[in-house]
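Shared chain: chain A. Partners: chain B in the first complex, chain C in the second.
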Partner chain A sequence: MPDKNNKNLINSIRSFSKKYAIGVPFILLIVSTALFFFLQDAELKAETIQRLTNSNFRTWLPVLLLTMGQALVLIGGGLDLSNGSIVSVGNVILALHVTTADEPWHNLAIVALVIGFGIAAGFLNGVLTVFLGLQPVIVTFATSFIYAGLALLLLPSPGGAIPREYTNVYRNTQYLGIPISMIILIIFLLIWEFFRYRKYGRFLYAVGGNPRAAYTTGVPVTWMKVSTYILSGFLASLGAITYSLLTGSGFSGSGADMTLPSITGAIIGGISFSGGSGSILGAIFGGIVLGNIRRIISIIRIDSWAVTLVNALVILLSLAAPGFINLLRRKK
Partner chain B sequence: MENICLKTIEIQKRFGGVRALIDGSITVREGEVLALVGSNGSGKSTLAKIITGVLDHDDGQIDYFDQTVTFSHPMAAQKSGIMAVYQDLSLVPSLTVAQNIWLANEPLTRSGFIDNRSMISETNELLALFENTFQSSLHPEAYVSSLPPDEKQIVEILKVVSRDPKVIIFDEATASLDSNQVNCLFNIIQRLKQDKKALVFISHRMDEIFRIADRAVVLRNGRTIGDAIITETNENAIVKMMVGSEKFFVNDNKSLVDLSQSEPALIAENVENQKLKGVSFSVKQGELVGIGGLRGQGQSVLLHTLFGNELYSGEITLFGKTINFKHPKDAMLEDVAFIPGDRSTEGLLMIRSILENFHLPNWRKYAQPLLNLKQAKGDAHTVGQQLNLKMESLESPINTLSGGNAQKVVIGKWLLRKPRLMLLDDPTKGVDVGTKAEFYQLLNQLSQSGTTILFYSSDDQELLDLCPRIIVMQDGRIKADLSDESLTEENLIAASMGAHETVNNDEVIAHA
Partner chain C sequence: MNGSEVTNNNINKIKKSIKISPPLIAMLIAVALFLLSGLLPAGYSNLQGAIRQGLNILRLASFIAIIGAGQTLVIISGGEGIDLSAAPIVTLGALLTYMIINGQNTLIIPVLLMVIAIGAVIGLLNGLGITYLKISPFVMTLVMAGVVQGALILWTKGYYDGKVAPIMTQLIARDLVWGIPGMIFIWIVVGVIMTLLLERTRYGKQLFAIGVNRTAARLSGVKVNRMVIITYVLAGAMAAFSGFLLVGYTQNAGPNLGNQYLFPSIIAVAIGGTQMSGGKGSYIGTIAGAIVIQLISSLLTTMQLPQALQQIIYGSLLVVILIIYGREKGLRS
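Now for the complex of A and B:
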């Protein structure tokens, strides 16, 4: 039997981390970032840190945007397995149709088309899961193949190009030493914080926590759920745009490897599959931790055939850590 | 006469092949408390849900202030001023008390952000309505998932009251409240009555209906049977309307087993843990012992401890053998059965079939090595008949059963193991009169056939009717052991109330 004080302490820690839900991901973020910089061969000057941060964040931003969308869907009690395929479609459309930088209006229209596609695809996911009451795993798994198939149809073999004028802006712009990718991320986080403390945020957590209770209380459950899928689709289309700016070319399988990291990142960040808990900030932390892990693995030059294995083990460990801690405490 | 506020005319509702409501007709006036009574499955909750827009109706008409209305969803009803305190609660466990109370009704700042400060201060004002009846763990920023059932119920009530609706339906709102909390609720209801609200009060507790209601409408098998002015009727008349032609058991058949020759079945000596403060008692084989007292004085913990669910120090002897159960599995091996109070979370797999639920603790018996399904079904049928279980088939899921019938399955699954000691943890909560009567008979039969029974109930009347001996608990100790002459309602209430006054402050904090 733990004594009273001890129990109170545990309870207050628990309620703190429940309220902010970023305790563990924040620690992981600090540790993994520190480790990443510690393992660099080069001397750590401000310049180097800036360069590394830029190269990290411009690479991670597409996945982090997807993680954000995924986190919204998960908090609302759903799951989106199709966000990676939405990236593929967006990337292919951009690579095929964005022309030279002299035609800004045409290019802007293409960007709008990509965003429109993301929103439409998310809406379709939402309608199929919420209105028809189908399982989100099945629905978005199926639509992921539809979108991936569409991307393949549009661009069977890698090709296309994004003008250098555009890609350079994304790759190299910095304000006050902060890379543009990081600024975009912070802007989206601030936008979310804005909505989180309004009705939308409260409703989202209620819907994920207990949809039936939320419904009987007068929360527009259906619309809330559909809106999370729309937002996920929207953020995936932004992921497509940033990804295209990063690589400068088109490939029909470009988003295929983003779906799973978007889920893993959110889960490491403290979001639960059962919905109603966790935070977007935590999910972003989780996504960054995931990125750091990959970088660290590549720095310490593990044989390439072991990368996947080590990667997976690290992820599993960080996911299982809270469970292990609980288990140890109970044994005592 | 006040204005008619809400009127439902011949509402009908089907769920698949089941006709839940055939003729739901009620009228409520402003400033009136209407009691809606009927056994479980008579359609009370269904009617409440139709009025509030949670369910749609197949036929019939709802008039609200002389206008015919249809609410396609709860938000619409809420906007018109019709709300319900739901029996199965409409709270989000992962949100805090304040967030739940103000959900979809949040106070906003001018710029559209949620005004947390006023939300919390207003929640504190609301909680003051139930002042001194809950533990300090209930505060605006506590998570609802961490609250005990009675405090959850209080939050549910305050949530509705905070929205100041014109019509409030209280669906079994008192089922998990203790008497002080019920008094607070009744004060609130009196105040609402003065404000000319129209109130519908659904309860199984007859005394409450006679205390608070002005009029009663009786539903039976989905039909409105009739209504009565409370001051012009009595309990028997209403019970007769509820059960109709069916025989109603009056419980005077207290178990008359001769225990003088019996060996002691259970001896507890100085059992202590976090909640129990040295409990000693002994029970004879075949004895039916009630456990009473105010809610939350350690009764449930005692039963859980005996079932190996809680650690303890002290000595427990069962059928002449000193035991130290570390897991319910150990208790089951000694033929101990535990019937929990919260059937949906502790007792049953709600979406699985009746058969599966019956045999959950028993499958090992049928492994030969493949499951002998034929025998399993046969046994389940026998027990189902013994319990007079009303079901479509053994394959239908539990959630198609009414509350009383579902509780029978919880008991049935243990009967199949032929237990020697049965522990019952407030099993009749939210169970209707007819099923209760059958349940009492069953307990008497079991006790006569030699099963030892420990029966905790929050309903004093039930204990007095059923048990030849009652142990009253107070603050983790046994306050009184009543039997024969000492077993009177006065003694029982005195022992439990006396306990309440002597609760010391340290304890309240420790429980928090």
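Now for the complex of A and C:
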């Protein structure tokens, strides 16, 4: 009997991993998280784990939101190189215009403005790539220049501030020991899982997998693709909001370093660059793995000149892992 | 991003007869921009000034175009091909040249060979990862860029000391004959070699074949994996060679020297009419595209606009130029 139970367990894990396409990313997530906690100097009490989880997730949430958006665009067969610049614009608007906590309606309007900008910018990307048929690699790079220029125009030198009342809520709130950043992430994942096996999700994978077949079977391919860019812009604006709450200040280059990690994270998480496969959960795992790698490297205190190299090599290894496994399997 | 193309021969033929070739459009845009730059207050005022300005822009464009040479090959090879590791390879080539040559003429040839070999090895790693580990080119070369940049940082530890050899300065930076800088002659040689490589060799024919349709190419006897690897090796070697040339011009090298050339070089390829999905393109186009890109940024610099506005206009102009003719066929056609 125990043998059979074991088999059932393995089978259910297998089907879970198959359903969400997260075999390797899941293993990487477990290994990197375990390593991260194992390498801590401090004794591992529940309190320490809570504190570390909070500090990790509140730092990662902006990039993880971008990774989600990027993953959606990638599944639909596109690429968004401008999401980081959208974060910069949002961050700058928030830092300049959010006043004290006494004026909640004014501040809410500013937040709405930032989200509106994200959606509009995503819509522009979508129109240029899908309706005009331009190559996403070049066009979203060109629009990233426009958005980054806009951010620089609005705020030439770092400055502005977000009231402490707001930043404290984001930085320190916990429910049942789970930090608010993690709760936000889980909510978004649940919303996505709701749509994944309904019309929108099925259409999206069809569009990314084989646009021509999807088109001939009546899927609104153009609108599906545009919607992914809009979602990416929307999630980038949320990234801007959480980033501003995290740092409490404005900087016109704040999102510049988020674009490429959002792609790498999604790919490590099993999203295919050519579209139509992978899962959002996997992409989030990939993003967390990237964050863990950086944290672990800073914990083990290697020579600071070697940090960039080690970081890149570890990322390369995690990307190469599925390929190596396939190669070995084929040899057999 | 999608490789599947159902061609409708008749429509294509009609379109072909109407269409002016992209390199020609790019050249026309370049001439128009150049004439426009003469109208600016800070522009040239007489013929001599115009020639001097023109040569200067050509010289600056030459670096974009030579870095774009490898990029052209990689993009034509299809399979979403792109080489993002070109930037740190250019920097690596420049720094190796700068720090090892250290002003000695005798070391030029061995260092040049070494630089090209190192670039080729990095390209080989890219090619192996893309073909055998099936990592998409964008991600593979992006991560490779991180590795090379990291290796650079570890190697130099933030300390850059060296000197370019006098002969290099003479050949690359100074005027060679009739007031034309040597760099332009090197560019012409590269251009001729690239065009011959693409149009007249077996490699070129097979490159276009794998760019159009890899399965068809494999079935007609092309060794696709080997072709892809060779292409990335060539791209790596060319990027390193560009770094060698670049440091001969700038006379100075820093840790981010190559970064500013990467995306201009990719955009130059796109403006030159090379299809980003592969299988179609020319080096002449990349040359024209590089001149357009350089003209735009020179124009923005002479107008002395603030950095932010320059970025916005640069991005918008790129979008406009791409809209003019960079479009792919829609699903309905």
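Odds and ends about this structure:
Quick note on the criterion: the second predicted complex is superposed on the first by the 312 of 332 C-alpha atoms of A that agree within 3 Å, B and C clash if a C-alpha of one lies under 4 Å from a C-alpha of the other, contacts with A are read in each partner's own complex, and residues count from 1 in each chain.
In this section, a contact is a pair of C-beta atoms (placed from the backbone, for glycine too) under 8 Å apart; a residue touches a chain by one contact, two chains touch by 3 or more.
What you see is a predicted model, and the numbers here were worked out from it, not measured in a lab.
In the superposed model, A:P220 makes contact with chain B only, not with chain C. Of the two partner chains placed around the shared chain by superposition, chain B is the only one that A:F203 touches, whereas chain C remains out of contact. Residue contacts after overlaying the shared chain place A:T48 against neither chain B nor chain C. Touch criterion not met for A:N172: it reaches neither chain B nor chain C. Contacts of A:R212 after superposition: both chain B and chain C are touched.
Contacts of A:W305 after superposition: chain C is touched, whereas chain B is not reached.
Of the two partners, chain B and chain C, it is C that touches more residues of chain A.
Contacts of A:T99 after superposition on the shared chain: neither chain B nor chain C is touched.
In the superposition on chain A, contact of A:S277 is made with chain B only, not with chain C.
In the superposition on chain A, chain A positions 210, 212, 215 are in contact with chain B in one complex as well as with chain C in the other.
Interface residues of chain B facing chain A in the complex, by the touch rule stated above, are 52, 54, 73-75, 78, 86, 89-95, 99, 103-106, 108, 112-114, 143, 159, 273-274, 311, 510. Considering their complex, residues 1, 4, 15, 18, 197-199, 201-203, 205-206, 208-210, 212-220, 276-277 of chain A touch chain B. Contacts from chain A toward chain C in the complex involve residues 77-79, 128, 132-139, 141-146, 148-150, 152-153, 156, 210-212, 215, 221-222, 260, 263-264, 267, 272-275, 303, 305-313, 315-316, 319-320, 323-324, 326-327. Taken in their complex, chain C has these residues touching chain A: 1-2, 4, 6, 80, 82, 129, 132-136, 138-140, 142-144, 146-147, 149-151, 153-154, 157-158, 263, 266-267, 270, 276-277, 306-316, 318-319, 322-323, 326-332.
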